Amino acid sequence: MAASAYAYDYFNVSFPAEYVAHVEINRPEKLNAFIEIMWLNLSAIFTRLSHDASVRAIIISGAGDRAFSAGLDVQAASKTLTPAPDQDPARFATFFRRHTLEFQACITAIEKCEKPVICILHALSYGLAIDLSLACDIRLATRSSALCVKEVDIGLAADVGTLSRLPHAVANASWVKDVCLTARVFGADEAQRVGFVSGVLEGKAEAVGEALKLARLIASKSPVATMGTKEILNYSRDRPVADGLQYAAVWNAAMIQTQDVKDAMLSGLQKRKPTFSKL
Amino acid sequence: MAASAYAYDYFNVSFPAEYVAHVEINRPEKLNAFIEIMWLNLSAIFTRLSHDASVRAIIISGAGDRAFSAGLDVQAASKTLTPAPDQDPARFATFFRRHTLEFQACITAIEKCEKPVICILHALSYGLAIDLSLACDIRLATRSSALCVKEVDIGLAADVGTLSRLPHAVANASWVKDVCLTARVFGADEAQRVGFVSGVLEGKAEAVGEALKLARLIASKSPVATMGTKEILNYSRDRPVADGLQYAAVWNAAMIQTQDVKDAMLSGLQKRKPTFSKL
Amino acid sequence: MAASAYAYDYFNVSFPAEYVAHVEINRPEKLNAFIEIMWLNLSAIFTRLSHDASVRAIIISGAGDRAFSAGLDVQAASKTLTPAPDQDPARFATFFRRHTLEFQACITAIEKCEKPVICILHALSYGLAIDLSLACDIRLATRSSALCVKEVDIGLAADVGTLSRLPHAVANASWVKDVCLTARVFGADEAQRVGFVSGVLEGKAEAVGEALKLARLIASKSPVATMGTKEILNYSRDRPVADGLQYAAVWNAAMIQTQDVKDAMLSGLQKRKPTFSKL
Amino acid sequence: MAASAYAYDYFNVSFPAEYVAHVEINRPEKLNAFIEIMWLNLSAIFTRLSHDASVRAIIISGAGDRAFSAGLDVQAASKTLTPAPDQDPARFATFFRRHTLEFQACITAIEKCEKPVICILHALSYGLAIDLSLACDIRLATRSSALCVKEVDIGLAADVGTLSRLPHAVANASWVKDVCLTARVFGADEAQRVGFVSGVLEGKAEAVGEALKLARLIASKSPVATMGTKEILNYSRDRPVADGLQYAAVWNAAMIQTQDVKDAMLSGLQKRKPTFSKL
Amino acid sequence: MAASAYAYDYFNVSFPAEYVAHVEINRPEKLNAFIEIMWLNLSAIFTRLSHDASVRAIIISGAGDRAFSAGLDVQAASKTLTPAPDQDPARFATFFRRHTLEFQACITAIEKCEKPVICILHALSYGLAIDLSLACDIRLATRSSALCVKEVDIGLAADVGTLSRLPHAVANASWVKDVCLTARVFGADEAQRVGFVSGVLEGKAEAVGEALKLARLIASKSPVATMGTKEILNYSRDRPVADGLQYAAVWNAAMIQTQDVKDAMLSGLQKRKPTFSKL
Amino acid sequence: MAASAYAYDYFNVSFPAEYVAHVEINRPEKLNAFIEIMWLNLSAIFTRLSHDASVRAIIISGAGDRAFSAGLDVQAASKTLTPAPDQDPARFATFFRRHTLEFQACITAIEKCEKPVICILHALSYGLAIDLSLACDIRLATRSSALCVKEVDIGLAADVGTLSRLPHAVANASWVKDVCLTARVFGADEAQRVGFVSGVLEGKAEAVGEALKLARLIASKSPVATMGTKEILNYSRDRPVADGLQYAAVWNAAMIQTQDVKDAMLSGLQKRKPTFSKL
């Protein structure tokens, strides 16, 4: 699918290598802070990439050097966050719940995307930036990353993913509570030490380079195998081991029949790089 | 609520800063080892703190320099742990199950407490000390901390929380099995490296200072926001991500309507510290 | 039970210390790669060890210096992995699902074994070696360990345990996705840093020595206590904390009645090493 | 919202009473059998009705006297159900899984619709008709209803809802297995006896009349109360009682604050019919 | 324990037969409608009965002939249900959630009571009467019973148990939705037909007689066996079958060792009625 | 596979129709009461039938006219049920838990059998007979059936399946508690009314005839379809609807590719009976 299929005001989508897509949040003048149209578009982009046969791995980063994303554009969101005087509390609650469920679904579109997603948390990465990164598969940071679970600072418990995904992504429960309750800023080294990111690069350029290397490596594998690996890992995270095993057995009963297994095995024996057909 | 409301023989409860409570286990001559009345009182204290509008963050530590707590006072407990000769095994099992469920509920009262709890595992911290700390939100240690999941040494699988909470608090499954099966003592550095504690301080005084700093920081936030953050993190730890998201959406549908959000946002714009009404 | 009860072509089973068994994968000329008979035998061995009253802790390692195990013997497995031309896809899927469920059950036999199992991932440890190690309780590595979640390289999502157990064993979700999606080789230091292994020893000899030390320590405890500890930790890993607590209370209602508790407590007071009867 | 907002080729949407919508499947010449565009439209309709403030209860029935729906239009679906010769099985499986997940989501849109839905299973109601009815809240039949879980007759296990919802809707496990495994046709009396439908009316006209009566009754209640009732019942069906209770407590914490409660209580005292504002 | 231990203003507790307790809701002048002190006392009574060794089965009914219970005393509750003008919505939500959780816990005390509870839904049984009955084990009705899930009529989704327990107690999902969404009154025959009650007696006297017969029968069994039966049934209701089986195996590992099994088996052989010691 | 492959002392296995197996419990002189070798053999038989390509539906009944089965042979079991004097309670508990888990697994082999199983509860059907029948798919009774959940009468909570499966098979919670707590005998009409059986026949001969008719009907369907239908229904019984849907989508992604779908659809159009290849 051509890049033109992915033309949105606040996102640049490019294809820096075969089977690799790069999604860039593009509102640098506002530190890539999010307004509503942006998460709707984000969801549309990842839903499309999920089934785009010419894509096997995806990178997401922010435009400019100052921020991956400053999070929610609070000023723009303030209307949503504030009931009108005399509005019935149950009716505002209903409005807000519908709004939140839709917002959550937009972020979850990244998790549901069949292709692995690598997130570069360069420079400022606050609030929604953390929520978003937790729906991605692999997280990288840069030396200058400034990370923050910011929501308590605006009087809120984070509700688009951080509080639900972080305890499953980083099992250092004490640290998780610390950063979520204090909204303190933490850096790349701490993020790596506790396991929130799996790599720290010098600057944004190096991080994009590393992400591209990772993405190309993933894209060189059978897309049937990487899709299944992402799916079964996500499925198992949320369930007892026995359920994960049962799901894997049923999943592979179809997938094992692919030509890719034969090709991969033969290439292995012949020490050459296999080519897989599109998925 | 005045400190006098929290007068118990084996606990000192003080209020070292606005909205901050400090609970001290007070049986230093026995290394703060627990007898039954103590966990009943512990539960009463945290149940009351949970709804005490003048409290927003809580610290727990042990009196004296030798121990946070040596755990269960095994000598005192031996009657509970031993059936009388010729007692019907099912009837003793029933007695013991009732006893354990009540004991567990007392420790879980800390987890259920709506306010964040910071635990200082200074010096000796054995057995029940670990169970108790895992029901807290944030764990700190000191250089001289000596930590031990002690239960196998008295012929028991730990049953008031360590075995159920540790695999969710520290996902280094190999280390968890190691310390639980061997009952070996481990120190602060190891505890921090594997993610059991999120900070290590020089001595007890420094640790109390750090805990107080953390507690004041948490207490400066909207109590609606910190209560929700603790609640949703605990809820999500135990459930699939999708369930956590749904719960967060319903939770915030009420909580977003608070004046705190408006105040927090306005204070943010005006670069001043907000004041929140009691909760 | 005599070692002769454990005579299998591809496994050496020895008893290097009282109450300690050592299982060695014995196909060094093929880097201890697995063919079908081997996982069937592995399951038979651990099912028997589980109830063998003369065993309280188990070590597993590979014969030779080159590998713990190179994983699945792909050449031997290729028939299983490939449907015949014109075979009905649903019927091959059924064959393969049955095969996978049986294969999984063989690996899970280690997890179900009532006695703690220590795995030494020395030298080459690829694919199935990782699946197998995740069904063990404690994992050690050596300086020269070369570890790899290899399955995507043969066009497959791993389906005998790695993808279902790894997210619960190592909660560094970004790293888990990285190694599972790229099939890159990682070493002992990285394995320890992220919490996949809890110890790194110089060479295989040192690792076996350390494992033996750990095994003897575990074997010196009440077998009632260590069995319960393994059981409740595994149970709790897969369930909400509240369910783990309830299970622990019911479990201990019977187990507390053992003579071991009295003996362990008395030995503790008398500063001597207790002796426990067989289990 | 005007009926014109609901104009679709294969559906008639009308508003027979205040706050009551009636959705009619409109392909009577094919016994209201479904082609793909129809379930996409069905989903669009119910997603819109869910938030339509002028709707509080919904009826669904089929056009004509011969069938509620004959189910899937198998002839039209045959392309989707059949891989091309030589198509890679994993790639067809991926295509089919995507297709099924989307199809399921369309049917689940009825369950997710915030407003209660009453389904009239008049005359022929086969296959997909049963799947669809199980996503509704209340099911009625007519004397001449001919009901059938038809899927095994085309070589398939039903996968758009019947097999997942029926065991939770009718706990007569023996009967559920009987009708799902044999694909035998059963009538209204049997359906009522086992609890699949909660009412049987003489003919379609009477059934529509009864459904309208029910819908008007539901529509006369506070929409906050009926929305919550549907939500908590569906939530609790899928979870332990303790989770249902916790969810209900959080849900009502916002909803209790509605003006509707005051109005309903006052109307009760004054023995008059309350009026509730839109939701 | 003497009846005097159970002296509460709004409850009569008597012991009509050996090992049988009868709890009567005693506010007949208000149709046994509940005010807050009553559910607190109800909880205290059942918590005590749970461990009262002289009790093996419990009956609950209402004083007078007009009602088992008219449910919540809405007038008395109105303060709880209504926020003060200008009260912060999050703070009222917090107050109300705490209130609801405590209220739910009081009703759940019946479910947690170790002894089986038989509920007689005679005459008027509205709202809270249904919630309460669903926490009991066995439900009986009388010819004149008038049953109603009343909550939507006061603008509320029921939140003290009906919506969470009914879908697990009566799997006629269509009927459950019908009665919960319409708040229509239904009679004893309908209640029996759908499986909400398991017996219908002529009048209250006959129902009390039948309940007493049932209670005596249950009380004649081993209290170890009936306690375990209630516990495992409740546990299994909320979980997968595999979890229920595992729990039953662990539960019985202690309980099988009771003298009661030997006595029951011997009595069976000797065709005489066994006597069991207290529990 | 020939009947000779199924030669066991206490079971007759015959093949009364194409693709139909009939398993008869054969210890009529003891009312088909079970001793240990019998449940081991039962498991072996159903594990083999599960993969026997010449079998698509199975009937189970008891030899003779007096009983389907009187349940556990209590006299033979008494050794297992009774600890030796002075046996360590934890060690007996361990022995008994292992025993129970193995016993449960034998009964669960019927549930895990891929082919649908029809159980005829003719005449006396007590205790283990009920456990066993609940692991089957379809239950039939005869006019003279005398059914009883007998376990409390020997001082036990049933632990090989009834208490875990009955709440999911018959959602008349009040009736379930009644029959499990009282051990009263109930007849066929009651069993049918509450949904425990789905058919009642005059005598054993008629019941076998009806079961054979049902079995032949099921055996005439695609074995891919009936296997999937049993599997997804059992899977969904134990899980939220959303999980059932996801599993069904993955399951069918492989199964839809079978030739059976094409054959079934073509046969449907041509109004002839399809033939399916073996599974």
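Letters A, B, C, D, E and F name the chains as they come in the text, with residue numbers starting at 1 for each one.
Basically, a contact is a pair of C-beta atoms (placed from the backbone, for glycine too) under 8 Å apart; a residue touches a chain by one contact, two chains touch by 3 or more.
Everything quoted here is computed from the prediction, not taken from an experiment.
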| item | value |
| --- | --- |
| B-E, C-F or A-B - pair sharing over half of the A-C contact pairs | A-B |
| Copy-to-copy rotation for subunit B and subunit E - C-alpha atoms, rounded to a multiple of 5° | 180 |
| Same or different contact residues where subunit B meets its copy subunit A, judged by the half mark | different |
| Computed distance of Cα centres, subunit F from subunit A, in Å | 47 |
| Inter-chain centre distance, subunit A versus subunit D - centres from mean C-alpha coordinates, in Å | 34 |
| Residues of subunit F whose C-beta touches two or more other chains | 89, 93-94, 168, 171-172, 195, 224, 227, 237, 239, 242, 247, 250-251, 253-258, 260 |
| Contact set on subunit A toward subunit B in their complex | 74, 78, 81-83, 89, 92-94, 96-97, 100-101, 104, 108, 111, 151-161, 163-168, 171-178, 180-184, 194-195, 237-239 |
| Contact footprint of subunit F on subunit A as seen in their complex | 247, 250-251, 253-254, 257 |
| Subunit F - residues contacting subunit D, complex | 116, 137-139, 168-172, 195-199, 214, 217-218, 221-222, 224-233, 236-237, 239-242, 244-258, 260-265, 268, 276 |
| Sites on subunit F touched by subunit C in the complex | 51, 88-91, 93-94, 98, 224, 227, 254-260, 277, 279 |
